[in-house]
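Just below is one structure, and these are the notes that go with it.
Should a chain be cited, it is by its letter among A, B, C, D and E, assigned in written order, with residues numbered from 1 in that chain.
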């Protein structure tokens, strides 16, 4: 259904009452599952994702020569009840496959895969509820789970979305879109490496004037850095707890 | 009837900038004092105590005097050492490495590990020791029945499953580590070999390997986080080399459990319960903690003798917490 | 199935070293696109694209159940690593990218395909055949698809209330599709730490690259789609710069396509007349006549147009087949339509 | 691998052969080569009709290719139909004959270009009674596909359409042999 | 189709004297049999003998005859390389097992085994270490349609490498099999058997090192990329 964003230009408040540069509430926990090597639970607003890491463990021996680095396998399962209307997504869903591919390639270049020759790291993500920024949430959850699993990586990979209000005269960027806004506005998802400006993942799927891309990207990159701060705090809080209880 | 609506769970309060600053400071300032307290290869209690916690991408030090060790890397465009894992800084002489808070077991020579046979290949077994790669146990690295001195024959190669077959548990020592990080094991000692008469548990993040004895049970804590709790069997003391043949009889490779009395089983269950309680509380699991927890549980049962809130044999929940508290208390005191 | 052949270390090292010394093996400058060869088939909507050795030809074809679908299937012809019936990851990504570039950017206005709102409408099906694989699959496929769509002509229709008459090519000049814009893809490849950026990498270059960015734009400077699936992190400003380069390339490519289309149109003008004259007029027994079609409609049609009976029959058969599917005429079309509905990630609004 | 293109009766087919290459365990034959033919329609994805044609071609080529020279390997032939005559859409969807000669001849050309060892030549034509092929295939009469080897012996015969007399068939066969062997 | 079919069938002894003619056509049988009834007839690639006395072509291409050797073969420069004993090939290391490297001679075919000791002066202690993807210039020591091909980088008799072994640096180009064959022809046979003067000409211009594999791969190493790029040019002449 078409949603009226015209009010934004008046109140400068978004549908959920945020300002243009506000993130939604991010709540994250790590090592939530005892069985896995690493695990995390992440909420970005109403988008909720569970991620578990298994490995690095010896996977199926592929007889190919290039076994010098460990493989990263990603499996994303979207719960039927996660969306607004119940939808069963099969394995063959191309959107999910694309996301899996994105995570695989993104993390195999950020993890120090050469430390674990011919072994496999399996990332399993379960999407419990989706309300926008799904890819970003998956990337963040995966980062946390991999840190929890103690797998060396060059830096956090943090992601968030940025959109831009439709009305041409004042195209203002918006940070961290929710589901409704994603349906209505052009937006992109950016995954940034740590505090740098280096973009590991960039996905833009809606038609938009080239001038507006710049603003969106800038906001997204900035947002990613804030996300990094939050995730880092989660890791530290958990780390301190472990260190103290370890006594 | 009145009812109250609970507010939604608040987001965990973060004042991360402060955390940031703090940790950065001590990671650098506490450098000297670190030198003193952590000089062993393995992190000691003090080392874990050190509050210098770092996370991936964080610059540990830009001082070129340090050499980078595990868990760190030096970006191509700079000289400062950057952490790649979340963990505590560990400085050995001039070597600077990070021990991750939690990670898969990485084999090191001399580690006492518990493993499960994954495959049987020609002249060697592949053993799952929860490391990135399966460990290898060569046929040449086990005690053959009929004595250590006996030469290995083609017959042995044919019926390797008579010694270890898929799914068998064993305790072994890491003899060497290959270039790709996979371990080669050996059981050439009476301390090692096939496991039976007991109960298997897996916990994560053990730091030391132990063989402990509480009451009637033997406890083997593998460095790789696998734990074996078994009925105590009398080892033949100071075996003369001449009498090895008897001690190394075929029985050491039998998969048959001996007779285990109900009392022993209860003891085994108790130790397991203690360890589980420790793990749930996130407390350290090592020899003295296990022993303390075990004693604490006995004490607790003694106190609550005959009271209805005794809670039976189950060592979880509240009782578990109490036990851990008592154990920790006795540890610090 | 045999895996894709891997590059030898020597080749990898050589190519990278050459790039460090600003040499590209095929002698192109870093931002050169391989010469684009584009040709059209005799039938409307067949485009054959050659980009280096990579070649494609998509082939939009009428089917009558109201969806615009793009199907990409790799054949072992391109490389034995492609197995029939088992889509590789590359294949999934290709179809996904085309999906986003062409359909989600609403390059084709699907309303234009509608005949009677909610009752009848055309369906367009584009089959992208990959005949050879020398890198730049996405770019080539996108060019081919857009060219084919611009080249394609759908049969003209006439609506009287509920009755639809679809005219054969011989009766009325078929009408082109209404395209809102012409999106084209440009792929950037990054080497040794992002210092070297190549446009339109060939296969060997693709095998050694560290990161890729696919930018889809139209010549009006609208970005339709940007995809960077992980890989080496690239500085944000460098990425923004890609869009500018892409715009230039897209405008260049667009010109080439435009030019080819015009040439083809000229050629067709002569050819079209000839076809008119010696077009074989078949006379068929109408055993497959359909009750739904209104006889009066075409008889009157036939009188006013005063054309030969045979052609009328042909027109009739078109009408029949037009409604065939909706009436459960030819089952396969219907089944495939259903399959597509389920198959697609986002369902297309059909009729 | 080279990819010859061949046109016949308004059908254009491009072919490519890969082989001898590694074969999957399950279709490995100990003393000869496995032959895999993929026929890909110009529009849409393969249907049972294509499967049927593939079956015919595989059986035919097995006699032409010296499969015993390439044991435990795979010879993989892909035939992509590039364009079909406008009249194709008016044919009954069941009929597979009109396309067959183009496919067979392309297959043969492709095998030659791919230097696959062959035992003899192969040439196929479509013959229709009465003359106009399309008329015939549209069930106005019968249509036949004949393929001949180097010695002029018929190695493939397929017929379709209304019932036809044996004389008709013999005439057709002669006509075909005439136009193939000149 | 006919232009593809250059098939020759004749029986020995020849019934008639066919006129002398160059390919593609039936060669004069007298060449083959009248002179050397003693020497056995040797059949080269592309021909097959159907007992008792029929010889047919199995490939298309011009028919060549060599009266002196009483040999007969069909020139053909297409298709996929099929290992023949004694051929020199350029293959890339695929994976290594306990005592052998497994190298792929052509893509999508089962790898050939190269014993780790089949190098010059290789012993249990000193054996060349090849990473996956490394290029090797080797000789086919064992080949046959029923067995996996085997390779060697050392002459079994002399124990010398004779130029075989790992190829460091440089770049490989794919050329047609015919091109590779002609590049390998010794200078003596240049003219009559369509050998190439290309390399000699190049050698006058630039300094480079080259290895040609019968499997249609040419390895070129020049001082710098520019030179080796010249190999690219040479490839065009195929």
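Quick notes
Quick note on the criterion: a contact is a pair of C-beta atoms (placed from the backbone, for glycine too) under 8 Å apart; a residue touches a chain by one contact, two chains touch by 3 or more.
Just so you know, these numbers come straight off a predicted model, no measurement behind them.
Upon removal of chain A from consideration, the remaining chains are partitioned by touching into the following groups: B | C, D, E. The minimal number of chain-to-chain contact steps leading from chain B to chain C is 2.
Farthest from chain D in terms of Cα centroid separation is B.
Ranked by how far their CA centres sit from the centre of chain C, the chains are topped by B.
Chain D and chain E, compared by their mean Cα positions, are separated by 33 Å. Centre-to-centre separation between chain B and chain D, using Cα means, comes to 68 Å. Averaging C-alpha coordinates per chain places the centre of chain C 43 Å away from that of chain E.
Shown for chain D are the residues in touch with two or more other chains, namely 18, 21-22. Contact of a single residue of chain E with at least two other chains is seen at positions 108-109, 132-133. Within chain A, contacts with two or more other chains are made by residues 64-66, 193. Those residues of chain C that touch chain D in the complex are listed here as 1-2, 41-43, 46, 57, 59, 61, 71, 73, 75-77, 80, 84, 125, 127, 129, 131-132, 169, 280, 282, 284-285, 314, 317, 330, 332, 336.
Contact residues on chain D toward chain E in their complex (touch as defined above): 1-2, 18-22, 66, 69-73, 105, 108-109, 112-121, 123, 150. Within the complex, the chain C residues that touch chain A are 3, 6, 89, 92-93, 95-96, 99-100, 104-106, 210-211, 213, 217, 221-237, 239-240, 243-244, 247, 343-346.
In the complex of the two chains, the chain B residues touching chain A come out as 11-12, 14, 16-17, 19-20, 23, 45, 48-49, 51, 53, 55-57, 71, 73, 75, 82, 84-88, 100-104, 132-134, 180-181, 204, 279, 281-284, 328, 331-332.
Within the complex formed with chain D, the chain E residues making contact are 1, 4-5, 7, 46, 48, 56, 58-60, 76, 78-80, 82, 108-110, 145-146.
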